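Report on one structure; see the data block that follows.
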Amino acid sequence: MLELRDIQVDFDGFKALGGVDLTVAEGELRFLIGPNGAGKTTLIDVITGLTRPTSGTVGFDGHDLVGRKEHHIVRLGVGRTFQTAVVFEELTVLENLDLAASFRKPLWSLMRQRKGVTEAVEEALSRTGLEELAERSAGVLSHGQRQWLEIGMLLAQRPRLLLLDEPVAGMSREERERTGELLTGIARDHTVIVVEHDMEFLRRYASQVTVLHEGKVLTEGSVDQVRADPRVQEVYLGRRASDAVGTGS
Amino acid sequence: MEAFVNQLPIGLSIGAVLLLIALGLTFTFGQMGVINMAHGEFIMAGAYTAFLLPGLFVPSLVVAFFVAGAMGLVLERLAIRHFYGRPLDTLLLTWGVSLVLQQLARDLFGAPNVQVKAPDWLAGGIGILPYNRLFIMGLAIASVVGVWLYLVRTKHGRRMRAVMQNRRLAATSGIDTGRVDMLTFFIGSGLAGIAGVALTLVGPVGPSLGTYYIVDAFLVVVAGGLGQLRGAVLAAAGLGLLNSYAEFWSDASLAKVIVFAAVIAFLQFRPQGLFTVRSRALS
Amino acid sequence: MNKTDVMNKADVMKKADVMKKAIYPILVGLLVVAAPFLMDAFRLNLLAKYLCFAIVALGIGLAWGQGGMLTLGQGVFFGLGGYSMAMYLKLQEGGLPDFMVWSGVEKLPALWTPFANPVFALATAILGPMLLATLLGLLVFRQRVRGAYFAILTQALAAALVILLVGQQGLTGGTNGMTNFYDLFAWDLAEDSTQRGLYFVVAVVLALLYLGARQLVRSRYGRLLVAVRDGEDRVRFLGYDPATVKTVTFAISAGMAGLAGALFVPVVGIISPALLGVVPSLELVVAVAVGGRYALAGAVLGAVVMGYAKTAFSEQFADGWLYLQGALFILVMTLAPKGIMGVIKRARTA
Amino acid sequence: GSTGSTGSAEGGDIKVGILHSLSGTMAISEVTVRDAELLAIEEINAAGGVLGKKLVPVVEDGASDWPTFAEKATKLIRQDKVATVFGGWTSASRKAMLPVFERNKALLWYPVQYEGLEASPYIFYTGATTNQQIIPGLDYLKEQGKKKIFLVGSDYVFPRTANKIIKAYATANGMEVLGEEYTPLGHTEYSTLVNKVAQAKPDAVFNTLNGDSNVAFFKQFKSAGLTAEAMPVLSVSVAEEEVTGIGVDNIAGHPVAWNYYQTTATPANDKFVAAFKAKYGAQKVTSDPMEAGYNAVYLWAEAVKKAGTTEVEAVKKAAGGIALERPEGLVTIDGENQHMYKTARIGIIQTDGLIKEVWNSGQPIKPDPYLKGYPWASGLTAG
Amino acid sequence: MLSVRDLESGYGRARVLFGVSLTVEPGELVCVMGRNGVGKTTLLDTVMGVLPVTSGTVTFDGRDITRLKPHERVRLGIAYVPQGHDTFPQLSVLGNLQVTLEASKGSPSALDEALDVFPALKPLLKRQAGYLSGGQQQQLAIARALVTRPRMLILDEPTEGIQPSIIIEIEEAIERLHGSGLSVLLVEQYVDIALRLADRFVILDAGRVVREGEARELRGEEVQHLLAV
């Protein structure tokens, strides 16, 4: 499904990614962790066309995504959220979702007035619990609400590959749980990559984990394997590795 | 051939004029995001300052800095400060201000041009380059270096950049953003005043003075990358040379069109100008 | 409250709104129809002129207010439309146009010949600007030139076009432009009745374009446009190409300006570079800002208000009218950033 | 527009329009023309008015914008119903107003030297046409032995047409045109152009630049080391007023061609200069376009007196042949083309900012806007 | 130290806070909790003067600061770490720290101390802050607050986006500072961290204080329930 081969990214001499290989199978829910600055976001940027790698290929469904425009990649079925949620503040929550859902329609047909709410939008609304806020403009949303809206927009696009950059950061415990359930549900018929620092969240919802460190894959494996890895403890988890740091309870 | 060779220093001297008129504009845009269409009228105020101080050319450079700076300060306090974060609106607002200032000059000093006598020591020149052109080049370089030192070497400079980049954060970091804004606009406008005095050496001094330079100044700012000092210097020199050679081979009108076309073409390769600040964040 | 409730409630609210809002269009419509009976031919002609500008303003409202493209060169498109129409009118007189005679041109330039055909002239007036805008849009929007860069580029374009027009005196009439037109089709342009007819044509065109633009703004495309305005880069990740969205909008606004130019020439009787340079282009943007850029009605209102204000101020105070015009504008910009429509809206919701 | 006197009761007044640019780039030139016209109106009123009625000026601003000139002209004619309009400066503004006056059968008095090739039945031209300014200027250069000339002008109809005439003249008179350069109105960067001129080494420059560009041109011409002795610049749009702005140092010694200077020695001029300074300030100067505007009011008033009415056709008919002693000398209206018989004068700019006449045509020259009397000019106009 | 009385504020006509009162005694660490969108950030922004108050008062050190500008509050000794990795993107990491230091007229040694808390920033000092990763920016944001040597520290979800090992460091740093007498007002979503750090807690819901008390009460079922609603 997704095959990254030897991805290198250079920022004015600084190597943000130094040869990453990553394979994610269809229908997999893959977690990506690693220290701050390890290159996780950069990796997502590379897959979605925001950053052009210095070398390497991104195979998706037989296409190489490198060098394609962002919107082309989206059209191939790759969707993402951002570490700091970006939504359209002047539009209502509903309009944000509707716009996300309509990208496959030809431009001309968009010029007709919107009638009602499509199924995809309705589903996104209910799954994110934003029904109450549907007619509010997105500008009034709080930090966490914005994150939900972003996830909703991603859902409404019905992509085949979803990339989520720290979706639960700043969410309350309750909402982290809801997100976790949502992700598990989606992962049943989609491929999902999630970047997260919340180890409790990982423990509950992750199976396969990839650890990035200084632009390279440090290790891969199940949550327990990874947590037990002394190198991961050293660079990422810290001394109290086995105590649940940042557990939500 | 001689004429061709002459065009090189001429181009650079045109560039110096462009740099001088664009410097304050680049400064206010770069530091505050304000596109000041009244910049031309601050230049005009500088020129009239030289007119009001006959025989005191060099002192008038200093006085003009403060006169134009003070005008900028008033503009900032009365209007611009309501517009931060809306740079395109300041463009329109200041354009309205520029019209009013032009008419004001007409009523204060009369519609016809006034005479500013160049100091005697600027008469003559070396080869094709008159002393007054050399003086303008020197002044442009001095202004750029001054601004650069100010921005890079002083606390105020860094504070200014902080306010520009994140106004809210600056305030909650203890920076008095209001004062920084005033000072920034004061300096940017003051630079226009200096330019105005210098321009009396080569051009007319009248109410429409500002309008003759503003579009060119904007082109420099755009080609250089808004708010980028290095960019402004290179862009001014580049456009000056291009202008001088284009006019040499064709005529003044066509040269202007060629310069416009070149800037548009250039932005195809460098959409944000020569030097730009990249950022990871989505705009 | 579940989602369908939300929708139903919104629908109900909309219906009540529609009833209330219908009052204003009807009032405006009545005024437009009554105008010829309320004012003399000279004033009616001025009103027709403001309405021409309102068409341009509508396009600016679309491109700038909705799409965030601050176009300071709308005069370019207005001018292309105006010159196309003027060429047609000049050729109606038969013989070589007057300015060619005094410019020493002996034979009608090839560029001119097709403009004898009114269909060609009108089509060029609208499609020419759209084509140019598309070309420019594809060039700059693809390169992600935007914001102040785009504004200043369009301004430079206006300045460049003026210089080109002025320099080609034999072809364009130079600084003078073209004036002294006699007939439009079979009607004498100097006749008051012709001018009254023209007024209605302009008003109807404006009304139709306004309705079309409003439809566009309310559609998904309109929402998309706002999204592009506020977060062009984010829109890419929704699978849209912002460059296309912007280019289409820019082209539509250019077409409007072109049509406005074509209507302007028979109404006002002159087209010259002075009408399409930096200053007139800016004036129209200012009018849109004063009326309220975020509402299409604001753009139209602004053009009429500012047009009227300019006439009234300059007639009352030939010496100091610029102060009044400037003060009006600066005050509105400072005190009401969303323009007159913003004030009206606030008053209505309060 | 603002009317000059309050309480202008019906019956006792005649409204006249004054239409010049009071704002924008052209205000530099036009404001003082308006002042001169207002002075004339005041003087005429003081002398009892016209047909026993007072003249009431209605002043409008053309705003340096040609379509505005057309709009304001319409307003003056149709709404204020003025008896006549005095106004315009640039040829473009005149061309814009022309259809308005022709369609409304109203009268315009246009006070500035221009490029000729026009004779509207509803316009009176009180400034020079080409054979009263350009051609005498060329005659002067030829007489001075300046055979190689360089043409510099603003990019619009007057300079371009003037230069066409100059080139035709040069061909017919064994002169050589070494170069011809145009710059946009308001252009201020002349170093390249000056370099071109310096390299071409002409005997003289013929200057048709208009407005502010003259300031930049002369300043930069002088700084490049070019002098009036070695390379005189003959200007046709630089008068006393512009000299101040250019700076006497930069232009003293260069020749100009006009029909009138502040120094022109006629009794009428002594009166005009004194009255102008008394009204507007002692440091003010008078110039050719101002005088032409001032004359226009008197000439119209004379025609009205002769016709006994302000009715346009009657005034037009009465105007032909009217001859008045004006500051520039005797001015006679040519009834056929509605231009004036005017005396051509070449002057040299002095270090006090005034212009000293060095040559004149001796007697008023018959206006010939289409240069029909000049065989070498026959190919100039098509159609 | 800090006392908020009957605070009401919001955005334009939309009211968000409805009469919130709370106090932070000198040397105390108070943790504000609540679900997303209840008004935590709004509360802190209002305390800092970023948002104007509709009614109510804010006093600091017994002095009414309700109408002071944000920078004036900073100069009284309050430091603020806003939510969401805020930086001056085109200044270097060092520049970010320096500008804050200079604005508060602090001593340069504070800079070293702050960097000791976040050693990961040391190799990044010359880099433009805008290019840092999210977590690196967040570390910078906290370090920036520390260089002012505040008497009171206000933090809005400081651990958001930060790797586990550094969360530990931050926690320890806050503990240390708190131990040395610094007053802290903290918004934190991780209950366990709040539990370890806080002296007292305040729970917000829909713009109102619905519960406050000593930290140990936070372990109670009832309070957990409040947070979950």
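Chains here go by letter, A, B, C, D and E, matching the order in which they are written, and residues are numbered from 1 within each.
Quick note on the criterion: a contact is a pair of C-beta atoms (placed from the backbone, for glycine too) under 8 Å apart; a residue touches a chain by one contact, two chains touch by 3 or more.
Given the structure is predicted, the values throughout are model-derived calculations rather than measurements.
The set of chains touching subunit D and also touching subunit E is given as B.
Averaging C-alpha coordinates per chain and comparing to subunit B, the farthest chain turns out to be A. Per-chain Cα centroids separate subunit A from subunit B by 46 Å. Separating the CA-averaged centres of subunit A and subunit D is a span of 75 Å. Between the Cα centres of subunit C and subunit E there is a gap of 51 Å. Subunit B and subunit D have centres, each the mean of its CA atoms, that are 36 Å apart. Each of the following residues of subunit D touches two or more other chains: 22-23, 155, 182, 184. The residues of subunit A that reach two or more other chains are 82, 84, 86, listed in rising order. Residue positions of subunit B touching 2 or more other chains: 102-103, 253, 256, 281-282.
Against subunit E, in their complex, subunit A makes its touches with residues 11, 14, 34-38, 40-41, 83-84, 140-145, 147-148, 166, 169-175, 197, 199, 235-241, 244-249.
If you check the complex, the residues on subunit E that touch subunit B are 48-50, 69-71, 74-75, 80, 82, 86-91, 95-96, 98-100, 102-104, 130-131, 144, 148. Listing the residues of subunit C that touch subunit A in their complex gives 1-3, 6-7, 10, 215-216, 218-221, 223-224, 226-227, 229-231, 234, 236-241, 244-245, 248.
Interface of subunit B with subunit D (complex): residues 2-3, 6-7, 10, 13-14, 17, 102-103, 106, 110-118, 123-125, 128, 130-133, 201-209, 211-213, 243-244, 247-248, 251-253, 255-256.
Only residues 29, 35, 78-79, 82-83, 86-89, 91-93, 95-97, 99-100, 102-104, 107, 215, 218-219, 221-222, 226, 253-254, 256-257, 260-261, 263-264, 267-268, 271-273, 282-283 of subunit B touch subunit C when the two sit together in their complex.
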